[in-house]
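Two complexes follow with chain A in common, the first pairing it with chain B and the second with chain C.
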Partner chain A sequence: MTANKRLKTLGWYLVLAGLGYLFLFPLLFMIVSSFKPESAIFTDLYSLRAILPVGELTLDNYQGVFDKSRIGHYFLNSLLITGGTVVMGLFVNSLLAFSLSRLEWRGQKLILSAVIALMIIPLEAVVVPMLLLVSQLPSLGWEEGRLVLEGSWMNTRHVQMLPFVANAFFIFLFYQFFRDIPKDFDEAAKLDGASPFQIYRHIIVPMSGPVFATVAILHFMVMWNQYLWPIMAVQSEAARPVMPGIQIFFGRETKWGEIFAYASFITLPVLVVFMIFQKRFVRSLAGAGIKG
Partner chain B sequence: MKVTKHAQQFSIRMTTLSSAMALAAPMAMAAPQTLELWRHETGNIAEIEVSKAAVERFNRSQERWRVEMSMIPEGSYTETVTSAAVAGDLPCLLYIDQPVAPNFAWAGFLQPLDGLVDQAALDGLIDTAKGTYDGRIYSAGQYEVALSLLSRRSVLEEHDIRIATLDEPWSKAEFLDALETLKASGDFLYPLDLQAGWSGEWYSYAFGPWLSSFGGDQIDRSNYLYAEGVLNGEEAVAWGDFFQSLFEEGYVDRNPSDDRGFVQGRVAVNYGFLEPSAYPDEWGDDLVVMPVPDFGHGSVIGGGSWHTGITTACQSPEGAAEFIEFQLQPEEIAAMSEGAGMIPASEAGAALTEHYREGGQWRFFYDYSEARAQLRPETPAYPIISSVFERAARDIRDGGDVQAALDEAVDAIERNIADNHGYGMDE
Partner chain C sequence: MADLQLEGVVKRFGEVQTIHGIDLDVTHGEFVVFVGPSGCGKSTLLRLIAGLEELSEGDIRIGGESVAHLPAAQRGVAMVFQSYALYPHMTVRENMGFGLRMAKFDKAEIDRRVEEAAAILKLEPLLERRPKALSGGQRQRVAIGRTIVRNPKVFLFDEPLSNLDAELRVQMRVEIAKLHAALGNTMVYVTHDQVEAMTMADKIVVLRDGRIEQVGSPLELYLNPVNEFVAGFIGSPRMNFFECRVLDVADDRLRLELPGDERIDMPADATGLRSGDRVTLGIRPEHILEHDRADIRLAIDVEVVEHLGGSTFVYARHIGGDAITLQVGGLSDIQPKDHRRVSFSRQICQLFDGDGRNISPHKVPGELKDEEPGQAATA
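The block that comes next holds the complex of A and B.
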């Protein structure tokens, strides 16, 4: 490697390190501050100490979080809601995308156009009609040995899951990926007597690992970070997820150390999920799937 | 008539069943009726524990009603409650932030307390502990909070600055002199902290009273229909010029990165809430609490804290009223104050506390609240007034044209009121 090239590489590394620092700074600051006493957080704010675990370190902020909120319960709720929605979403969204990309049926193009059009409608635009709708939907209950219809969907876990299972963007992601898989596979399977669902189950799904990983990560992040919908549709602590729970700490006496501790604690699962799926995620984004 | 064995058995069974039902009926009637209560969850363990204990005491004190309290995080409380109201899912009893009460009453979500809650209990409260709309009381609270100027005796004495008192607050000139002295000393980059970085209702709550002290207001309170002349008149512009000068002279940081300047000694005077647990122990008596300055029309602070109201969804308003009456007893008001440190909402309650009784360490706050607190505009339009006022105040803070910012605010407020047909207010 020539000196010129080495210098260029070094320059690139410096740029990348700078960018890395830019993206990592908030995360490091949050995690490090969660272990510092309130006074130290702001004393260290104007120096590099802000992102270094130096000075007096304590677990008091975490203790405060557990004393003041039912974070464990919220955490479990979020896991159930997010996990359930992601699993159902992978199945439902991929199945519709399979149908749109691999089968031929009447109105297919219309539905595809509708799916693409739906991608531009934000949740905020439809959230009030959605709220009115779910408040009128009865839940299934069990009373004296038989199923009964009772109450509404408000204040339940399923009200936080079912409206978010189908997602236009994820359907489109699956559609794009499936479309690029050669149709010869389907033809061969059909000759062997495979049904459309068998083709989906035994051919398309095994070949689509990266897109499933990508959708799983994105859907996980969307669901884990849900805030607006839970504060509107859930009032009871029993069904409350983690994000609205942080609002407990914003009162007359805001304790930033506890807020950082809470935020660090709930960020952990997102990081873990990303680390598990990151290789497939990057592969999918880089378009490393099968090309037609 | 021939009676078969089966018919006899059936008759015996029915008689037994009827007897059992007759016996069970009084027991069923005796079962307490549940009243759901929503409360804001503050993260202040003491306050929540006191509330829970009060609910327990009420439930034990009688057998007819059982209050069940649910906690909703304070930061998203109003949004959650509004959504529940839209979805028709409100509980029977509701904690509500006083300035929001008129809007909820106008929207038909709250029942008036007059005639339901014992009038004597309501009469015993300080004015700011009652949320009214259109001449009727819709909410009542146990406590009050107060903003003040906090400083350190040693700092003020070192710079030869008089400590303001309730009887003699700083005048505008005295306030500016103090800031100039502190700034000139070089000890403080910014001598005053106004929590200018806080958002939401802070600007309306904190600086609306300063505007009143200048002689202006956020809305004409005679009919709550117009802001012209009060929010953009001569007095209001004087307030705007003064407010802007605090930032331009470098007395206040426009965008502080945190709100710990006073606690850490970077700021000499803090405009905010008393936070006893935040101050270093060694400060002790060095901490001084002062009223806000008198800018010409008296020293004024914002009043009204969290109250309890009865929703229109409540099927047992008499039970809900009983709970509110229970809360407003002097012993209960005192228990809340003792447990959570807040200012008691009645003289009788204050007399039972260690800190707020006559001669108590924090009596200043009770007298201060009673004498100087002004409720935020008691109109359903308050949410829009608050957000428009915040926008105008931020524009002024950032160097915008004062008259233009206030004129724009007047237009926005009056347009909203007109769009809502005056929110039920008459000329």
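The block that comes next holds the complex of A and C.
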């Protein structure tokens, strides 16, 4: 390597490191501040100390969070809602994509165009009609040993799950991946006596690990970060997930340390999930890039 | 007994018809090879038999029973794909057993059959490997093994050897032939390769544009092609063709003028021909002799000579300007830029009328021995 080249490499590293810190800054600030007393957060605010774990460190903020809110309960709700939706979503979205990419049926093209068109409609655009809809939908329930229709979908966990199971973007991701798997596999399996569902289950799914990992991560993040919809559809404590739970800390006496502690705590699962799947995720994104 | 019969088979993709009414009888245990130029419908026909494409018209019978409306898996056929289509996430054992697993065989029976097939194909040491960890030839064997375990009535092969290098091809060709001898099942085999077709087939089916041009044994097609297309397609290097003018017509003879003014008498079915008509004379490269003692002589200018050791290819130009290829046995002393006279027997050449129909007399292998024989009968 010539000196010139080495200088260039060094330059690039500096730029990348700089950008890295820039993006890392809010995260570090949040985590570090969650361990600081309220006063220290503000005195450190305009120096580098803001993102360094220095000075007096304490767990008081976390104590406060657990005392004031039912964060454990919200957390469990979020886990159930997110986990359930992601699992159902992987199945439903990949199955539709399979049917679109590998089977032949009337109206297939139309459905595919509809899926693609749906990708550009944001939640905000449909959220009000959706709310009206779910408020009218009855739930099934047991009463005195009989199946009855009761109440509405409001204030439940399933109202936070079912509307988000099918997702046009994830269907499209699956579709693109499946489309590139040679048809010979399906035909060989068909001759082996496999039904379409068995082809999906035994051939296509096992060959599609990377796209399942990618969609699982993305869907997890979407679901974990749900805010607008739970605020609208859930007023009760019982079904509340973590994100709207942060609201109770904004009041007459806002304590930023506790807000940071709460935020840090609920960010944790996202980081864990990402680290578990990160390798496959990155690989599949890189692969997608090459295929263009 | 699993005869295979195609009756008036037609296939249309939307508006486009690609198979135009095919009738074919294959008797039990026969090895049938489909050949023809790219796009002529070989794969489509095979896939119709397999049940991977739906028939537009006609019927397909296996062992006397119509299978046209049966799903692929119930037809009693198994197919080896050109790409092998081995499931990458399964071991060799799982790949071979997948069909049986789908058919709900119990585990012990699956293992027994897989191991039996693995023994035939010498795959035992590889059973626990994934396809990725196999060589091309091994993958090929697994693909064949996968079909054997299901004990099908009819084996279908779509250009199974085209991804292998030359040496492996020869090896696998022999193995497939052995397998056929051992199992005795009906096999239908699609290939581009002349040598594969000539060496493996009991019966060759020559296809063009979705129609059968000729069906027959390799030797029959070689000696008595029904038309110019089959004559040009079977045999390698390709048959030489010369356009000739008819000078005079008798019942069973034609007097012809070769390009370059040479005049010859040819035995032929001359009905419908008149003097002045054009006919095509065909002679295989391996039937042209280096000397000028046979009865039809040609003067040639040699352009390129290829020594293959066992034989020599000579590419030359005939006085009339047509390109001509010779294949002579052993190491020939012909040199580029030579002017030479070569010759061939009128008994062995073919004559085609204006529509390409073969009008030369039927040839029988034994009879040709009387005349001066050419070199080896097959390329």
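Simple rule for what comes next: the second predicted complex is superposed on the first by the 287 of 292 C-alpha atoms of A that agree within 3 Å, B and C clash if a C-alpha of one lies under 4 Å from a C-alpha of the other, contacts with A are read in each partner's own complex, and residues count from 1 in each chain.
In this section, contacts are C-beta pairs under 8 Å (C-beta built on N, C-alpha and C of every residue); 3 or more make two chains touch, one makes a residue touch a chain.
All values derive from a computational prediction rather than experimental measurement.
Colleague: Looking at the overlay on chain A, is there a clash between chain B and chain C, or do the two fit?
Modeller: fit
Colleague: Scan A:Thr2 for contacts with chain B and chain C and give back first, second, both or neither.
Modeller: neither
Colleague: Tell me the contact category for A:Glu237 with respect to chain B and chain C: first, second, both or neither.
Modeller: Touch status of A:Glu237: first partner only.
Colleague: Just checking: does A:Leu45 make contact with chain B only, chain C only, both, or neither of them? Give me first, second, both or neither.
Modeller: first
Colleague: Looking at A:Asp192, would you say it contacts chain B, chain C, both, or neither? Reply first, second, both or neither.
Modeller: It touches chain C, and chain B stays clear.
Colleague: Determine, for the superposed model, which of the two partners chain B and chain C contacts more residues of chain A.
Modeller: With both complexes superposed on chain A, more residues of chain A are touched by B.
Colleague: Quick one: smallest Cα-Cα gap between chain B and chain C in the superposed arrangement, Å?
Modeller: The answer for the closest chain B-chain C C-alpha pair is 50 Å.
Colleague: Looking at chain A, which of its residues have contacts with both chain B and chain C?
Modeller: Shared contact residues on chain A (touching chain B in one complex, chain C in the other): none at all.
Colleague: Could you list, by residue number, the parts of chain C that touch chain A in their complex?
Modeller: Spelled out, the residues of chain C in touch with chain A are 50-52, 71-74, 77-79, 81, 83, 85, 87-89, 98-99, 102-103, 146, 150.
Colleague: Under the definition above, what is the set of chain B residues touching chain A in their complex?
Modeller: Residues in contact with chain A: 38, 41-45, 70-77, 79-80, 83-84, 86-89, 145, 257-260, 263-264, 273, 275, 277-278.
Colleague: Using the touch definition from the top, list the residues of chain A that touch chain B in their complex.
Modeller: Per the touch definition, chain A meets chain B at residues 38-39, 42-43, 45, 67-69, 128, 131-132, 134-135, 152, 154-155, 231-233, 235-237, 244-256, 258.
Colleague: Which of the residues in chain A come into contact with chain C in the complex?
Modeller: The touching residues are 182, 184-185, 187-194, 198, 202-203, 206-207.
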